[in-house]
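First chain written, first letter: the chains are A, B and C, and each begins at residue 1.
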Amino acid sequence: MTQSGKNNIQKEGLKAPIIRIGVVHWIKANLFNGVFNSILTIVTLFLLYKVIPPFARWAFIDSLWFSSAEQCRAGSGACWSIIPANIRFILFGFYPHELHWRPFVAMIMLIGLLLYSKNRNHWNRSFGYIWIAGLSIMGILMKGGLFGLTPVDSDQWGGLPLTLMLSFFGMFAAYPLGVLLALGRRSQMPAVKTICILYIELIRGVPLISLLFMSAVLFPLFFPEGVTVNKIIRAQAAIILFTAAYIAEVVRGGLQAITRGQYEAAESLGLNYVQKMRLIVLPQALKIVIPPSVGILISAFKDTSLVVIIALYDVLKTTKSVLASPSWMGFSPEAYLFVALIYFVCCYSMSNYSRRLEKELQT
Amino acid sequence: MKLSKLWLLVMAVVVALSGAAFAGQTLDNVKAKGFVQVGVNGELFGFGKPDEKGVWRGLDVDTGRAIAVAVFGDANKIKFIPLTAVQRFTALQSGEIDVLCRNATQTLGRDTELGLDFAQVNYYDGQGFLVPKKLKIKRAKKLDGATVCVLPGTTTELNVADYFRLHKMKMKPVVIENTAELAKAFFAGRCDVLTSDASQLAGTRAVAPKPDDYIILPDIISKEPLAPAVRHGDNQWKDIVTYAVLAMIEAEELGINSKNVDEQLKSANPIVQRFLGVSPGNGKALGLDEKWAYNIVKQVGNYGEIFERNVGKNTPLKLQRGLNALWKNGGLMYSPPFK
Amino acid sequence: MKKGNPVISTEDAAQRAAWINDPKIRAILYQIAVLGIVGLLGYYLFSNTVENLKRQSIATGFGFLNKEASFEIGESLIPYSAADKYIKALLVGALNTIKVAFIGIILTVCLGTFLGIARLSKNWLVSKLAAVYIEVMQDIPILLQLFFWYSFFYDILPSPREAIEPLNGVFMSNRGLVFAVPEWHPAHPYMAMAFVAGCIGVYFMRRWARKRQERTGQIFPVFTLSLGIMIGLPLTIWLLAGAPHKMNVPELVGFNFTGGLNMSPEFGALLIGLVLYTAAFVAEIVRAGIQAIGKGQTEAAMAIGLKPGQVLSLVILPQALRVIIPPLTSQMLNLTKNSSLAVAIGFPDFVSVASTTINQTGQAIEGISLIMVVYLCFSLLTSLFMNWYNKKMALVER
């Protein structure tokens, strides 16, 4: 700072104020303040120069967007054609081809609901009903069987709707379980407490993949002869059991943040345990844990990609399936970048929102 | 009390979501459900893989369709469930699927210890090696020290380990549980040799950037009879699966295909009449509609047709019939008489 | 409860009410109910499982561990062949998991700290680049990143015959990274011993230097001297032994490189993927930790005349570490658990070997229980170690 200030005075004399607010000053202050920073800037710029132009050339200049696989192999750039040629399978998997509008509409509805929920003014009593109504309409759209819609079995769900369902439904279903576990962990009753701690720590200690293996291979053995449960629902159950343990820890943090006075005040009013929790403690605790809960939703959303390993056709698996067909073999960077973009857009908007919310709730 | 009520509710939901599948009466159960659940590979081009519209294609898939046709007379009353190698046998044992058509090799151990029964072989395979020409290797015995690409958890993985041990050679396996990724790794030179069932090697070679750069070694180190599998102990269901496959073979031998099957109904040949159900008997014996074989040929085709459609000369796999030709043409496909 | 006897009836009712309302007794009842439900559920699942296993005649028990595995494993820290038993194959897998987790954690902490500091850099370009990196990496599933790196690894790099040699004795090909290591020499164990001795010496020297500083206020050049001792001692031994400099240089023999040390693409892709992903989270933790230390601390430290390096090592880090360590622990655990995704790209870690075992033996319950137990142990060990370290750091607080 002092150096650049001196330079300004020497070189520019009285014109300093213009320089101070100009682009040049900004560059000086932020990129070339001091020897070390200048070297850092130059090295970084050099590295960017080495990386970005070739990448841009590959991705945009030499690339093909709507060609056949053969044309792609002849070219040297990126072959984005793999995406438009297979987009419907990547996004919707085995859902009957002519009915693709239904998951499409359901997804649009979900995005609409999420956008609607962004505004906290909408969070009131009818808010829950709107969500329940929205989710049921989405369910009906996906499943069919009512209002003259052709029934589509959940076996045939795939692609992005499956990813969204596994993560969002997993989150919603895991929340009550997580709250129960958190309450249990903070309970005075040793047996309940032990069971909850055991459950939470056990689940948090093992990788999700072991639970998914369990859902794929062991769950069928747990049920009596003759009862079978759909693979997707089993994986969903594993994700719920897994997410609940993490939610429990987040909620526990919220419960711990409620001061003792609140508990005591509730007790002195003569409220029983359920009333105390439902009316006094949980409303405050759950409000505190909204931002970290969004964090859990993000990781649940990313973690659903693990169902690839048990051969469920989520959006990553459908992409890999496209890459397994002889004509499109070898264009994996393009396909993976596309899927990465989908995940990035979803997660980035969620985490951005969670950060904003955190600020709003703090003030 | 509240919790136990909740538990009852959960159980009710679980039961509502699940279908009942009682072992021993697979046929009744399938009929009650209204569709056959078939476990397939999902990634193996030519045997079981969805196309870009999400429609299942492949030899194993068509075998599954033939079973659905035999039971319901409708090739669409079927659900395909993609399974990984780890899941495939448990899925069958637990009743999640009714029949497994997932290029599974029939072995004594699987037939006994795993509680499975293998029905009629629908593809005779054998394990071989695919190598780049530039390595100048002509025989498998020269592969000492090679890095070998192999699918994990398969008989292939065990066979290749056995083979290298038998010939006192060293190997370094690279295992990837995805056929496409494995092939890609091989073409990129991640390994020196790719080992798999010969049918798959041909397919893999066909999709290579330059197929002529690779050769399949003449050594076949194992027998791999690939057959649909059913749960042990349900003989009626096993019969249906067995004869659904055999019907396609018999149809080819009789010269009946999906195009001429309607004319063949008028055939004076008593064998053909019995086969197509013009003179009844076979259907009742199996507990199926008398037209079951006719429907299979009409809707799915004979064995030659499904072979050519999925893996034959005009597909990227370009497989020869080889062992899978009819016995009359020097192959192993042989059907007992339909009477 | 007879009618027409009001006195007893009210007493009776009061007693009963008191009994049912006694919080202690209620608590016991609730606990019995919960235990009962959990027990019943457990029994229900257990009996179903036993019944199913019997009906499907699936073998049970851990007897399979002593059977011959008869499959090969790509890389192993201990000698292993297909003729070995399952238990040894599983051990190989567990060691591979430890290997990748250990190296991964060290690299992640280094890269994450670097990125966290870069994020706070006054250089706009560096700070923004770090921010973009952190955001992008956090928002893409680790599995997808692993797939990407693995395909990148063998798509970009050439085959061994056309291997790139960026440095003398280092070869990069789609078979992985091979580099030269010094050939075995009898002086090596002595060098190692000298290094250990140097470390012990340094430890005591630091204690002595701190005490001296507390007593006299004189600063002893600890860092330079420690470095000198730790490098100098082994170096002296090496020179005394006649400076053996023969290298075990990798050579292309037949199919592959022999000699040198090899890092396979599977291991490389897994390590790169895990490190790049987890480092983004660690960077955020480090940033938050440093930012949690008020600006006043830095200014005060500068005011009493500490050099920038001393400000960092004596004032900022000891305080920041206390904020950093607990979330860092959970990131380390995440890395260890995420290493189980190796199964998707073919690195023979514990899950990968165990799933092959399940597949060959058909004993899924045993296999999956093994996976869970092993990861629980890893998690427990890591958190025990980090708790110990956390306590040690917390002592600094006084």
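Going forward, contacts are C-beta pairs under 8 Å (C-beta built on N, C-alpha and C of every residue); 3 or more make two chains touch, one makes a residue touch a chain.
What you see is a predicted model, and the numbers here were worked out from it, not measured in a lab.
Comparing the CA-atom centres of all chains against that of chain C, the greatest distance is found for B.
Across every pairing of chains, the maximum count of C-beta contacts belongs to A-C. Chain A and chain B have centres, each the mean of its CA atoms, that are 38 Å apart. One inter-chain figure worth recording: chain A and chain C are separated by 24 Å, centre to centre, where each centre is the mean of the chain's CA atoms. Chain B and chain C, compared by their mean Cα positions, are separated by 42 Å. Touching of two or more other chains is recorded for residues 23, 86, 90, 93-94, 181, 184 of chain B.
The residues of chain A that reach two or more other chains are 213, 217, 220-221, 223, 225, 309, 320, 330, 332, listed in rising order. Residue positions of chain C touching 2 or more other chains, listed in rising order: 34, 52, 55, 151, 155, 343-344, 355, 358, 364. Interface residues of chain B facing chain A in the complex, by the touch rule stated above, are 14-15, 17-23, 42-43, 45, 49-55, 79, 81-84, 86-87, 90-91, 93-96, 178-181, 183-184, 187, 203, 206-207, 209, 316. Here chain B touches chain C in the complex through residues 3-4, 7, 23, 85-86, 89-90, 93-94, 113-115, 135, 144-147, 152-154, 157-158, 160-162, 164-165, 171-177, 181, 184-185, 188-190, 192, 232, going by the rule given at the top. Every residue of chain C that touches chain B in the complex is listed here, in rising order: 33-34, 37, 41, 52, 55-59, 70-75, 81-83, 150-151, 154-155, 158-160, 173-175, 253-256, 265-266, 343-346, 348, 352, 355-356, 358-360, 362, 364.
By the touch criterion given at the top, residues 30-31, 33, 37, 40-41, 44-45, 188-192, 195, 202, 204-210, 213-214, 217-218, 220-225, 298, 302-303, 305-306, 308-309, 316, 320, 330, 332-333, 336-337, 339-340, 343-344, 346-348, 351 of chain A touch chain C in their complex.
On the side of chain C, the complex with chain A involves touching residues 27, 30-31, 34-35, 38, 45, 48-49, 51-53, 55, 121-126, 129, 135-136, 138-145, 147-148, 151-152, 155, 333, 337-338, 340-341, 343-344, 351, 355, 358, 364-365, 368, 371-372, 375-376, 379-380.
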